Structure formats: C-alpha cells, structure tokens
Amino acid sequence: MDTAQKRRFIRPCTFVWLLLMLLTVTTYLIGEAGLGGIAVMLAVLGTAVVKVQMVANYFMGLRRTRWLWRGIVLGWLLLVTGLITIAYLTAIK
Amino acid sequence: MSETFTKAMARNIFYGGAVFFFLLFLALTFDTIQTLPKRDHRENITDSVVRGKHIWETRNCVGCHTILGEGAYFAPELGNVYKRRGGEFIKGWIKSQPTGAPGRRQMPQFNLTDQQLDDVVEFLKWTSEIDTNKWPPNIEG
Amino acid sequence: MQFKSQAVAKPYFIAAIALFAGQILFGLIMGFQYVVGDFLFPLIPFNVARMVHTNLLIVWILFGFMGAAYYLIPEEAETELFSPKLAILMFWIFLVAGALTIVGYLTVPYATLAAMTGNDMLATMGREFLEQPLPTKIGIVIVALAFLFNISMTVLKGRKTSISLVLLLGLWGLAIFFLFSFYNPSNLVLDKYFWWWTVHLWVEGVWELILGAMLAFVLIKITGVDREVIEKWLYVIIAMTLITGIIGTGHHYFWIGTPEYWQWFGSVFSALEPIPFFMMTVFAFNMVNRRRREHPNKAATLWALGTGVMAFLGAGVWGFLHTLAPVNFYTHGSQITAAHGHMAFYGAYVMVNLTMISYAMPMLRGRSANSPSAQVLEMWSFWLMTVSIVFITLFLTAAGILQIWLQRMGETPMSFMAAQDQIMLFYWLREAAGFVFLLGLVLYIWSFFKKGEVQTVA
Amino acid sequence: MTTDTTTPDEILATPPGDLAIWFFIFAELLAFGVFFVAYAFARARHVALFNESQQQLDITSGAINTLVLITSSYFMVRAVAAIKQGLSRECARWIVAAIGLGGVFLAIKLAEFHDKFSAGISLSTNTFYMFYLSLTIFHFMHVILGMVILAAVMLKAKGGGYSAENHTGVETGASYWHMVDLLWIILFPLVYVIH
C-alpha cells in the first residue's frame, strides 16, 4: 500500500471517527437533558444504527467486502433495533 | 473455503472462548452462592431435615418422583407436597403403601420408623419453603 | 486396523452393545409399567428399573467412548497404545464393577445397598443418574484415571493431532466434572446446583467435544477430505458448543431456588445451543458431499449423517422447544423433558457410538467393510431404531402437552395421577414404538453375524 | 499465512482478518442482540421501575466511555494502516494507544461499578439492575478479552511478526476490538439514555 492508498484508507475513517464523536455528544446531551418520548427514542436509536453502520463499514472494513457480510451485520442491527423499538412502543399505552 | 480461515485461529477461539465463558460462569456461580442464603432459608435446615434428605436419597425416591421438577416423571412432584397434602397425610400415605390396587402404579413399603417419617416430612416441609420463583404453576405440581 | 493395539477396542465395543441391549429391555419394562402400573411389582419396582435403564445407558456410552479412544488414538498418534494390558485390565474392572452394581440394584433393597457400601460415611447415592454406590463411583474414577493415563501417554509419545487433543480434553473434562458427584451437601439447592456440574457439563459440554472428535475422525476416514479442513471446522463447532453451553447450564437454574437472573442467562445462551448442532449437521453433509473417495462402508456414512441430523433434532430443536424460561415454567419436569431426553441421547451419544462401532468393528475384524448384505441389515436397523425413537419422542411430546394442559393450566387443574390416566393412550403408543426399536436393535446385533462376501484390508 | 495484495478499492470475498474470528464475532453479536432485545421487553413490563432506576446511572461516565472506545477503535484502524505499509513499530505504537484507552474504559467502568456496589446494588436488586450489571459486566469482560488479544498482536507486531504482505493477525485483533466498540455504541443509549 503506497501513501496515496494509505490516505484513501485512513481519510474516510478519520472523518467517520469525528462524526462518531459528534453523534455521541448529541446522544449524551439528549440524555443529560432527560428527554424522553417516542420521537427522542427513535432519534437516539436511529443515531445508534447510523453509528454501528459506520463502525461496521469503515472501521471493520466491511464496505470493501461482498454484500453478504454487510448484510449479516445490517440484518442483525435492524432486527435488534426493530425489536427494541417494538418493545418500547408496546410499553407506551 | 477461504485461505484466510486458519486452524490456528479456530483453535485459539475455542480455547479463548471456553476459558472466557467458564470464567463468566464462575463469576455467576460466586454471585449465586452469595445470594442463596436469602432464598433457601438454610437457617431452617435442622438435623431432622438433614436426616430426612438422607432417607429421601437412600430410598431412591427420585427414581419415581420429581423434586423441584427433577427426577422421574412416574409419580407426583414432591417439592410442594407438604403444602398440597400436609404432614399427617404424607406419613399416612407412606405407611399404607403399596395400595395393591390391580393395574395401578405401586409404591414400595419402606418400613420407616415414626422418627424417620417425621424426618421425611421435615425435609419436604423445608423444601416447600425454598424460593423457586413461583414454580410449580399450581398446587398440583 | 493399522496398529495391533487398537484391538483392545473390540471388547469395549462388544460390552457397549450388550449393555445397550440391557438398557432397552429395562426401558421396555418401564414403558409397560407406565400403562400397567403393577407390572413386575414388587420384583422390579419402577425406580429400580429406571435406575438400571439410565445407569446402563451411561455405562455403555462410557464403554463406547473408551473403545473409540483406544481405536482412534493409536491411529491418530501413529504409534502403538502405551499399554494394551492396562486397557484390558481396566475393561474387566469396569465391566465387573458395572455388573455388580446392576446386580446390587436388582437383588438388594436400595437402602440396604447404601448401608452395605459405605453410603453412611460419604453419602453420594440416591440422586438422579448418580445412584451408583460409593465403591462404583470410586471405581469409575480409578478406571477413568488409568484410561486417561494410558491414552495421554500414547498421545505424548506420538503425533499430536487436533482430533486427539480435542478428544483428550473432552475425556479429561469428563473425569474432572464427575468429581462433583462426590459433593452432596444437605442443602438441596446447593446439591442440585453442583449436581448439574456433572450432568449438564457432561452432556452439553465435554461430551460434545468427544462426540465432535469421534465424528471428525470417522468423517476423515470415510470421505478422505483434507484433515486441515475437518479439524478447522471441528474447532469452530466445539467453540460454539462451549460458548453457548457453559452459561447454558443456567436453563437448569430456573426453579430450583437459584436467583431469578438465571432465567435470562439460561434462556439467552441455551437458545443459542442449537447453533453448534446445526453446524455439525451442515458440516457432516458438506464433508460427505465433498468426499474424495468412495468408502465401501456405506453403513458408517449413514450413521455419521444420522448423528448430525438426529443430534440437531433431539438436542437442538427439542431442547429449544422448552428452554425459554416462560415455556419451561410449564414444561419443567413433565413428559416433555422425557421426550427431549430420549431423542437427544439417542441422536447425539448413542448414534455417535454406533457410528464409531460401525466404522471400526469391520476393521477390527480384518476387513474394510462388512459384506453388502450385512450392511443392508445394519441400515435397516438404523432406520428402524431412528424412526421409532422419533415416534417415541412425538408420543411423549403429545403426552407432555396434554399433561401440562390438564395438570398445570386452567382454573381447575387435575391431580398428577388423574392427568396420567388421561394420557394413557400415548404411553401405549410409546411402548409399541419401543418394541419397534427393539426389533431394530435385534437386526443391528444380527448384522454382526451376517456372513457374506467381504473386502479384506490390504 | 496469506499474502495481502489488495488495494483499498478491491472487493474482498471475506471480511478483514481470519474468518474464524468472524464466526466468533457473529456469535457474540447474536448473544448480545438477544440480551438487548430481552432488556427492551423486560422494560416494557416494568416501565416505571426501569425509568426510575435508569435515572440513577451516571450518563456522563457512560458517554465518556463511548468516546474512549470509539477513539480506541480508530487507533486500531491506524494500526492496520501502518502495518499495511510495513511499519511494524508504528503499528505496535497505535495498538499500545488502543490498549491504553481500553484501560481508561475499564477504570471509568470500575469507578461506576464501585459506586453501585457500595450502594448495595447487586444482580438481585431488581430487574433493571440485573440487566444493567449483566450487560455491562459481560461487556466489561469482552473489553478485557479484547485487550488480551490486542496485547498478543502488539507483541508479535513489535517483534516484527507482521509485514505489509502478511498481517491477517492485526486485522483479526482489530475486527474483534471494533465489535467490542460496536456493542457499546448500542448498549450506551439503550441502557443509559432511552426511556
């Protein structure tokens, strides 16, 4: 891997790293403010989905692999967060 | 098969995973042992209860009955029999076996002394007081 | 057979099959006692028959494991067994101890047997599956240690393959976890907690390592697939087994006085326990499909594939059916448990032993495979036994569902015996299926005596 | 060991690292996934209890730990990039930094546990704390396991055991470490924030 390739490897990851930090701070502020409710729940969970996808695709390097591997992680993620959402919605009566 | 799938790595994961989960199991076991006194009321384990358990074992009761759901499924659950029937009924029942009713399941006669019968009842009474997370679902066991 | 000392496996296999036959006979007696309660009473009360049935099962499976190890280890280590004499001596000690124990169960009242054998000094008897008198238990430890010494020394002086390492690990684990059978506190909750360390960590832990190693060995031999590939998958499968199975012990800690969190740990991890069994099935079929040779022993291939499928169904699917705590609340200690136990034990441990015997026995008798006609007979026995165990499981499952419905649900639950009377039909059907199983077993034993044209080992 | 001649644009047949670690990763994802879902459904049955107990958690330390793990994960990306250029020493240094942040995570978490334990909280306190402690301790142990794996990789890297062509081991360790990070990214909002 030469320097140009290295830059193409690292640059997006650095960007992703900064974005992840930013999103974490957002989640933190929402938590500190004590916000709740469906919209907030969906926003925070949606943020987590985006963050996990970034970690999986960039840090773990799955964006360079066949769709199968990305599919497994994405499928897992959507299933888990989907069920969590359903559980939270059933709790609101 | 991919060439980046090595036996050495598979072996490391086997050893690592086994040790990791066994340690977790030990940690949970440690917590369980710490918590149990609140659930098993061990302060009520009298000498009589101890003797009763010994009789329970040496008559192989678990070969037909279940206790807290474990054992054979040929005869009724006895974890809660004290609550279901009471001590006097249990003693009378054991003494009157076998019924000899043709074609029915038979329980052997163990020729227990009155003291031994009391011990068995004490053991079953203590067992019925264990916090079993509300199992069995109803009094029939 | 490449090494002369592998021959010590033969008596172990013969004893295993003989005891297997005994186990089935007592199973049939118990099955009949389920429908005609006073059958053979007081000659053989149900509890005695059950003790004989389950103890014979354990002992013959141990015989099978030991025979398998004596056959497999020299071939894997590429050296003669450390001491064939010790192996034969241990065979007789184990057989005599086992036989005396069974005779003791059948001829002496259990309480007298306990008093005679020092149970008052160290009380270990009278707990499910661990009913053996103290001398028998000590005998098992001695035989196990001598056996482990023998095969460990063999591996140490020879080639160390992954298969023999996994097998050794499983067998050492078997011996170590058996030591918990000597711990019997008077607190029933503690007693049960550590009783499972022997029982669960055997059948859903270290025994699966033994099973995996035996299956991998036979698959290498009959398919000719590259050892690296098979051993790699062996590691992945047993890694999954222990990752899920160790914490999976928690599915026994729902209702015995242990803290509530076990309902979560037990449910989550044991729900994942079918995964390694599923992988094993896929693995077995995959390897057979990628075979590089046509082994003349078709029966052994059938048993190997059958092990994968039936272990998955019995241990995986039937285990999963009642492993989640909210379900287990109703099914715990019912005929559902019995259904699962029958198919899981047959599918995993009976079948893997029969796979090994099917592969090794012809070799031990100087041929690479039995005659085609003997194999046809053996394959008939495979289908008869396997199909009848499926039916036994289905009938017991039906009985269990009905039992739970009548006895544990609704406003006016029936008493235990009243519920039993209602499900008698399924017990009759189960007993009928049991006789078909016996027929399969008879054919199986007959197949060893069936003459015919055989290929001799070059 | 294999030779890596891929460029960043090539589509790989299998994910970075040894495929065996991915079986492990998927198994772990599954176990945690089931636990996350179980948490959510248990909460649905005891909403008030969960909301009340959740408020006693320290969101700040949870958030800091998220930042720590994300950064540590990023350091592992740098470690992989370094070894792809054949820079063993630089790779080892990035891994040391990643492990160091893992240590910071553990320290913060220990302080949090100490707080809870000295308040007399245990697995049997209530259903919320059962989940909080189970999930975080389970994850905590994964951080330790990840650090052990990274330490082994680091030592090998330092000794020149990897090269630009042959570095599957580094990618294997990195993949596992990213998974530990990934799980915390869900765990933190789920247990600390959402109500």
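Note that the chains take the letters A, B, C and D in the order they are written out, and that residue 1 is the start of every chain.
Definition applied: contacts are C-beta pairs under 8 Å (C-beta built on N, C-alpha and C of every residue); 3 or more make two chains touch, one makes a residue touch a chain.
Computed from a predicted structure; not experimentally measured.
Visitor: Kindly work out which chain lies most centrally, taking the average of its C-alpha atoms as its position.
Guide: Most central by this criterion: C.
Visitor: When I count C-beta pairs in contact, which pair ends up with more: A-D or B-C?
Guide: Higher contact count goes to B-C.
Visitor: At what distance in angstrom does the C-alpha mean of subunit D lie from that of subunit A?
Guide: That gives a centre separation of 14 Å.
Visitor: Can you compute the centre-to-centre distance for subunit B and subunit C, using the mean CA position of each chain? Integer Å is fine.
Guide: Subunit B and subunit C have C-alpha centres separated by 23 Å.
Visitor: Taking the mean of the C-alpha atoms as each chain's centre, how many Å separate subunit A from subunit C?
Guide: Taking the mean C-alpha position of each chain, the two centres sit 46 Å apart.
Visitor: Measuring centre to centre with CA averages, how many angstrom lie between subunit C and subunit D?
Guide: Between these chains, centre-to-centre, one finds 39 Å.
Visitor: List, in ascending order, every residue of subunit C touching at least 2 other chains.
Guide: 232, 235-236, 239, 243, 259-261, 265
Visitor: So which stretches of subunit D touch two or more other chains?
Guide: 13-14, 20, 23-24, 30, 123-124
Visitor: Using the touch rule from the top of the page, what residues of subunit A touch 2 or more other chains?
Guide: Residues of subunit A touching two or more partner chains: there are none.
Visitor: Chain adjacency by touch: line, ring, star, complete or other shape?
Guide: Shape = other; not a path, cycle, star or full graph.
Visitor: Can you name every chain pair that touches?
Guide: Taking the chains two at a time, the touching pairs are A-D, B-C, B-D, C-D.
Visitor: Under the touch definition given earlier, write down the residues of subunit D that touch subunit C in their complex.
Guide: Residues 20, 23-24, 27, 30-31, 34-35, 38, 42, 123-124, 130-131, 134.
Visitor: Touching residues of subunit C toward subunit B in the complex: what are they?
Guide: That would be residues 30, 33-34, 36-38, 41-42, 45-48, 50-51, 110-111, 114-115, 119, 123, 125-128, 131, 162, 184, 186-190, 192-193, 228-229, 231-233, 235-236, 238-239, 242-243, 246-247, 249-250, 253-263, 265, 329-330, 332-335, 337-338, 407-409, 413-417, 419 of subunit C.
Visitor: Write out the stretch or stretches of subunit B touching subunit C in their complex.
Guide: For subunit B paired with subunit C, touching residues are 1, 5-7, 10-11, 13-14, 17-18, 21-22, 24-25, 28-29, 31-33, 35-36, 39-40, 42, 45, 49-50, 53-54, 56-64, 66-77, 98, 100-106, 108, 110, 126-127, 130-133, 135-141.
Visitor: In the complex of these two chains, what residues of subunit B are touching subunit D?
Guide: 2-6, 9-10, 12-13, 16-17, 20, 23-24, 27, 31, 34-35, 38
Visitor: So in the complex, which bits of subunit D are touching subunit A?
Guide: 6-16, 22, 26, 29-30, 33, 36-37, 40-41, 43-44, 47, 51, 55, 59-60, 62-63, 66-67, 70-71, 73-74, 76-78, 81, 84-85, 164, 171, 174-175, 178-179, 181-182, 185-186, 188-190, 192-195
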